[in-house]
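Presented below are the structures under discussion, each in the form of structure tokens.
What follows is a pair of complexes built around subunit A, which joins subunit B in one and subunit C in the other.
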Partner chain A sequence: MKFKTFAAFVGPSVFMMLLFIAAPLISVFLQSFQITQPVMQQIEVETCTPGFLTQTCTTELKTVPIIDDVTGKTQTTTEWVGLQSYRNVLQMDKVWEAIGAGSWGDILQIDFWKALRFTLSFTLLTLPLVIGVGLMIALAVNNASKSVRGPVIFVSLLPFIITPVIGSLSIYWLFVGDGILTVMLERWTGQDIAMFAQSWTIELLMYFYRVWHVAPFAFVIFYAGLQTVNMDTLESAIIDGASRFERLRYVIVPHLMPLIIFIALIHLMDCYRVFEEIVGFRSQAHVISLQWLTYDFLVPDDAGNRAVSRASASAMLTMIGIVLLLILPLRRTWRDHKGGAH
Partner chain B sequence: MSSKATAQPLSLKIASGAFLAFWCLLAAFPIVWIAIMSFKSPRDAFAASAWDVIVGPATRAAGNGLSVLDIVLGLAFLFFALRWAFSGLPKLVEQYSPPGFIVLGWLVGAAAYALVFLLVFFGVLPLVFGALNSIAGPLGTPVLGLTTEHYVAVWGENQFYRNFLNSMLVTAGVVTISLTVGTLAGYGLARSGSNLAFWLLILALIFRALPHSVLVAGYLPWFINSAEILRPIFGNLSPTLYGQPWAVIAVLVSINQPFTIWMLRSFFQNIPAELDEAARVDGCSHFQAFRRVIMPVMWPGVITTGLFSFLLGYNDFLVTSLLLDAQNQTMVPAIAGYFNRETTTTDQVEAVAAAVSITAPLFLLVMVFQRQIVSGLTAGAVKG
Partner chain C sequence: MYLKKLALAGAVSLMGTSAFAACSYENTVPLKSLTAGFEAWKAVTDAMAECGNFQAELDQEFRTKQPAAFEANPSLYHIGGVSNGTITPLLNAGTIRPLDDLVAKYGQNLTPNQLIKIDGKTMAIAMMVNTQHLMYREDILNDLGIEVPTTWDEVFAAAEQIQAAGVVDYAIGSTMKSGWNVAQEFVNMYPGFGGVFFNDDNTTAVNSEAGLNALAAMQRTLEYTDPEVLVSDSTYVQQQFQQGKIAMSNLWASRGGAMEDAAESSVVGKVKMAAAPRAVEGGAPATTLWWDGIVIATNITDEEADAAFRLAMEGMDEDMVTANNEAAIWLVQGYVPGPLAQGAIDTALASPTAPPYPSTTQMGLLHTALGNELPAFLTGERDAAATLEAIEESYTTSAKEAGVL
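Here is the complex of A and B:
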């Protein structure tokens, strides 16, 4: 295919990606060093109240934003502030203070570090669970008779396809207040349980939700992979006296290895941007994630202002994180490409 | 393979079957349970005992109940309606849709079917059953509490249909545009073995990994001030992009583009290159080969990719909640607004009903397109 034809085919897609993905990235990068504020001016205001004989008048200095005459909007200025927004997000002074005082737990009181801790533990803890559960379901379905496979796949797809916010809400409603599952747990343990009053129980539910939501995806892919396992290898393993577990360990898992890596890669990307769980479980007070932090800066506060520069700074930090996470798998792909695997 | 060596001991079979049953229960339970909750009065929906939630004594006491007769006849109606949807409806569609417009015929057919079903199920049947119940004696007394008042409140009073229409607009836009742009790019990438194509795919992979909030932080200031920024170019016609559904469509299409081109590329690689080579030998240009030879055989891949684009547009919360305002909010962010003001238990059950309303179309989607979804999931992994 000539370059010109290739460009004509790929052009629209590349244009959209550049305009709506690459350009915003540059814009975010620049914004994170800027701060946009309304221009304030001090004016003298004289307020008079009626009094006996004469009015009582007081003058005071007030700070108000300047309103543009033409557009009727507040005037704003944009300044370059260097790393100010990053400092506001990272709050390193508090971090050093906490380290100096030897109280490491205090670091996790700061929003950014709290979010980073949760996002990383969420990503890394759910990864083996998703792969393990997905593989178990795939093996079990592969074992089952043909007639039940269709319905099982149908039921399994439901958690995967459901809107993430709704999925987490549906689990939230089972546990909220005196939801039936909370009552069941209380009857078991004999003590009063409030699932949404402390962070670790919320986190447990979030881990559960994510595994519930993603395991079907892993299952479907593993199931497809299991159909292509080489039966001759499996039979020779049996002849060599490999036990059931050894066959799984030395024949099936190595066969599925590329799929495991694929799922791990996708899972790393998707988990790192954990967000909907925070909305669904309404856990902002206890547990937050990096993406939620940026979202929260972008939502207008009571005065209608959006903290765009702080959002940009936290977005840049989030991005650095994903680059670090993905560098290893991407280097591998590059080496494969160099090695002529294509 | 049913040789003696691979035969499994009974204990393993039982364990694997039990695990499977447990998984199915786990997978379906939360969804089924909120569906049950949405039909009960608030006191029953959040009752402590599971049995009360299912039977709904308070709902029944309020005069909303189903008798044994209702349940049996209702289920029978449901069964036949569903069976007809998979046997009679396709024939009817094929018979009456003009040739070449089979997709349009299906859309019209499905919409008409849904409308008639809703009218009969919620309009005609209750009247008929009411008359039957009064003469059926003990079989006609209500045993199961069930009420649709929350759905009426959500769709009627709270005007959820507006959000529904917005959702449909955004999703339809996302699916059509991302498929149009994506098939071209996917075809180009699949047929070009150049280094540039490889780098584009890697770039797309990196773009796919970006958290969406990073991108939205980039759009927001530009979208809010776009009227002023674009004034020198478009004059007074320059729009404010913030709150515009088509701006959100463009954003979602671009966010979805990396995934779309990866998936379509792996589908196109499955179509033998000899096919378009033969067309080229016969004198077609690349575009003609694409239009006349590839397009007729690429539909399975396009439908599958379209399904995943649909899911992205339909399920999105972050982009739509930040870039659309209250007037044209889609369904998923709207439900978040619901539980912010969720003060009474009635509000809570209404939120549950809204959640079930959002899930219902997805449920239908899995039912109709299960095979395509499975093939889509595996296409990227096994061959890519």
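Here is the complex of A and C:
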């Protein structure tokens, strides 16, 4: 292709990526080293609030931001603070203290580390499950008779098209104290069941939900891959007396390997940003994720404060985490690509 | 059901532009409002829509939208619905205007009690009060021969008896959803034990004897609540009441009307209201007082402000209150306190009186710190002393970042 044609095709996409990905990223990167705060002053304010019949007025010293006379906006100052926001998020001093005292559990009391623990276990535990379940569905569908294949594919794809927030809310409603599934289980077992009262049951539900939701994606990819398996190799394997499992292990899986890596990459990226489950399950008391932590920093409180610097730092740390996670599978793809193994 | 009603209300108020049913004049200036979405706001905005040219947005997430929307020039909304908790960012940014001249022009029917004065200037017009107070199942308490509890110790004693009798699933319902709700429970309990939130230099004083007492009381509550209490918000507790699953709760007065809604509630006529329980004998009720009302944006023309205020007064008039008497504890003239209002009135008139929610920049930060750190204590991962320390540290970090320390 001529360079000019290539540029004309790629140009708009590159422009969009610069505008919507690169520029915000740089801005967040810079903000994570800055703190912008309003200039505060202490003034005496008399505030009158209604009781039921009469008002009560109190005079107190209040700290309020100064409003600029010219612009009518609050005056702010922006300072470069180096790694201060990262220190506030990571709280390394407390981590070292906990390690020094030998009480590892204390580390998980710090929001960031608590979130990191869950995010990592969530990502790494669901990964093999998604690939395994996806492959199993794909094999099952591939072996099903042609007449039922269509409906089976349709049904197995359904979980994937549900909006994640709605999906997690549905699970929450099914399993919360008076949800229909809980009530059914309670009747069946005769025990009082509270799935959202302790963290391990919440986490279990989250793993279950995520695998249920993402496995169809793996299934579609694997199913497409199965259509390209070399039949000659497969037949010769049968003649050589390979069992069903051996055929899977030595013919099919190696053939699907690039796809498995592809799914692993996508899944790692998606899962590390786990967020919907936390909000949908209202699990903040027990389980939080890194993405939720960033969101929590950003949500303004009733007085309008938001911790933008810490949110930026936490967002950067999340990105670094994803990059670290992706290095291994990416290196492998790179090697395969360069070596031209296939 | 409730959501459906809300959506319907929104649709109706959007359609309301051409109806001039009960309005005394015709509004010609196009106006918009952003308020919370509960029953009382629905009543007020519906009444305003009757004058025409008015669009109401009822949104429970209004508190995150309002500061930015009012800071725009021209402001995206003319009228804002606020409470004493959410007025602070608007006041701090100067995006709401003083209303004194407008009050003089259109406010003949306002009582002095409704004028929210800050430094002598009227910045908001209150229309109702709200507070968390004791709601209880009168039939259960009568059957078991329990007096209506007036202190938390009595609440726990009553809960013990109710639990033993096994008449409901859980004796107490509590709004302890992690985040804002659980923090509010602490904000109710802590002053009840005589605690103050801040020292003079803006550092927090929660790490104290009163703080330990408040935490102990909250932990005690857990013995009688649903084990999933850390996900339960006001709506959830309201539903537990409606379905007859709980017997007592320190719940928002604005939720009282729902108990009498025969379409949703199986306990119509059985839930009664009393003053919020005291934390200590002879102390103030362990709760905070709230008001809800309207503000007018700064960044609009004087003509629009004039029209907006006039419309708001029309929405908050006696006719509206007479038609929606049970929707809230109104401050507007013509309100006849019904039995549902008794608890809130008793709470407000108690002596020593419960404090109003102390809305300041620092309080916003402390509320967030409380909401994030309290759950670890309630799940038993951390003891009380360590939790108070964590709250203090978390507050200090964010206060430094926000520039108040």
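To be clear about the criterion, the second predicted complex is superposed on the first by the 296 of 342 C-alpha atoms of A that agree within 3 Å, B and C clash if a C-alpha of one lies under 4 Å from a C-alpha of the other, contacts with A are read in each partner's own complex, and residues count from 1 in each chain.
The definition used in the following text is that a contact is a pair of C-beta atoms (placed from the backbone, for glycine too) under 8 Å apart; a residue touches a chain by one contact, two chains touch by 3 or more.
No experiment lies behind these values; they were computed from the predicted model shown.
Contacts of A:115 after superposition on the shared chain: neither subunit B nor subunit C is touched.
Once the two complexes are overlaid on the shared chain, A:130 sits clear of subunit B and of subunit C alike. Looking at the shared chain after the overlay, A:271 reaches neither subunit B nor subunit C.
When the shared chain is aligned, subunit C comes close enough to touch A:50, but subunit B does not. In the superposition on chain A, contact of A:299 is made with both subunit B and subunit C.
Within the superposed three-chain model, A:282 lies in touch with subunit B and with subunit C [touch as defined at top]. With both structures placed on the common chain, the touch criterion links A:63 to subunit C but leaves subunit B unconnected. Looking at the shared chain after the overlay, A:177 reaches both subunit B and subunit C.
More residues of subunit A lie in touch with B than with the remaining chain of the pair subunit B and subunit C.
Of the two partner chains placed by superposition, only subunit B is touched by A:322; subunit C is not.
According to the touch criterion, the shared surface of subunit A, contacted by subunit B in one complex and subunit C in the other, consists of residues 177-178, 282, 299. Residue ranges on subunit B touching subunit A, taken from their complex, read 1, 3, 5-6, 8, 12-13, 16-17, 19-20, 23-24, 26-28, 30-31, 33-34, 37, 46-50, 53, 181-182, 184-185, 187-189, 191-194, 196-198, 200, 202-222, 228, 250-251, 253-255, 257-258, 261, 286-287, 290, 311, 314-315, 317-318, 322, 332, 335-336, 339, 351-352, 355, 358-359, 362-363, 365-367, 370, 373-374, 377-378, 380-382. Subunit A contributes residues 35, 37-40, 45-57, 61-65, 67, 72-74, 77, 85, 88, 109, 111, 176-178, 194-199, 281-286, 296, 299-305, 307, 309-310 to its touches with subunit C in the complex. Within the complex, the subunit C residues that touch subunit A are 63-64, 67, 71, 84-86, 88-89, 91-94, 112-120, 126, 129, 177-179, 182, 200, 202, 226-228, 230-231, 243, 245, 289, 291, 298, 329, 331, 344-345, 348-349, 353, 356, 359-365, 367-368, 372, 375-376, 378-379, 381-382, 386, 390, 397-398, 401-404.
By the touch criterion given at the top, residues 1, 3, 5-6, 8-10, 12-14, 16-17, 19-28, 31, 36, 71, 136-137, 139-141, 143-144, 148, 150, 152-159, 161-167, 169-171, 173-174, 177-180, 183, 212, 216-217, 220-221, 224-225, 228, 231, 234-235, 238-239, 244, 259, 262-263, 269, 272-273, 275-276, 279, 282, 290-292, 294-295, 297-299, 306, 308, 311-312, 315-316, 318-319, 322, 326, 330, 333-334, 337, 342 of subunit A touch subunit B in their complex.
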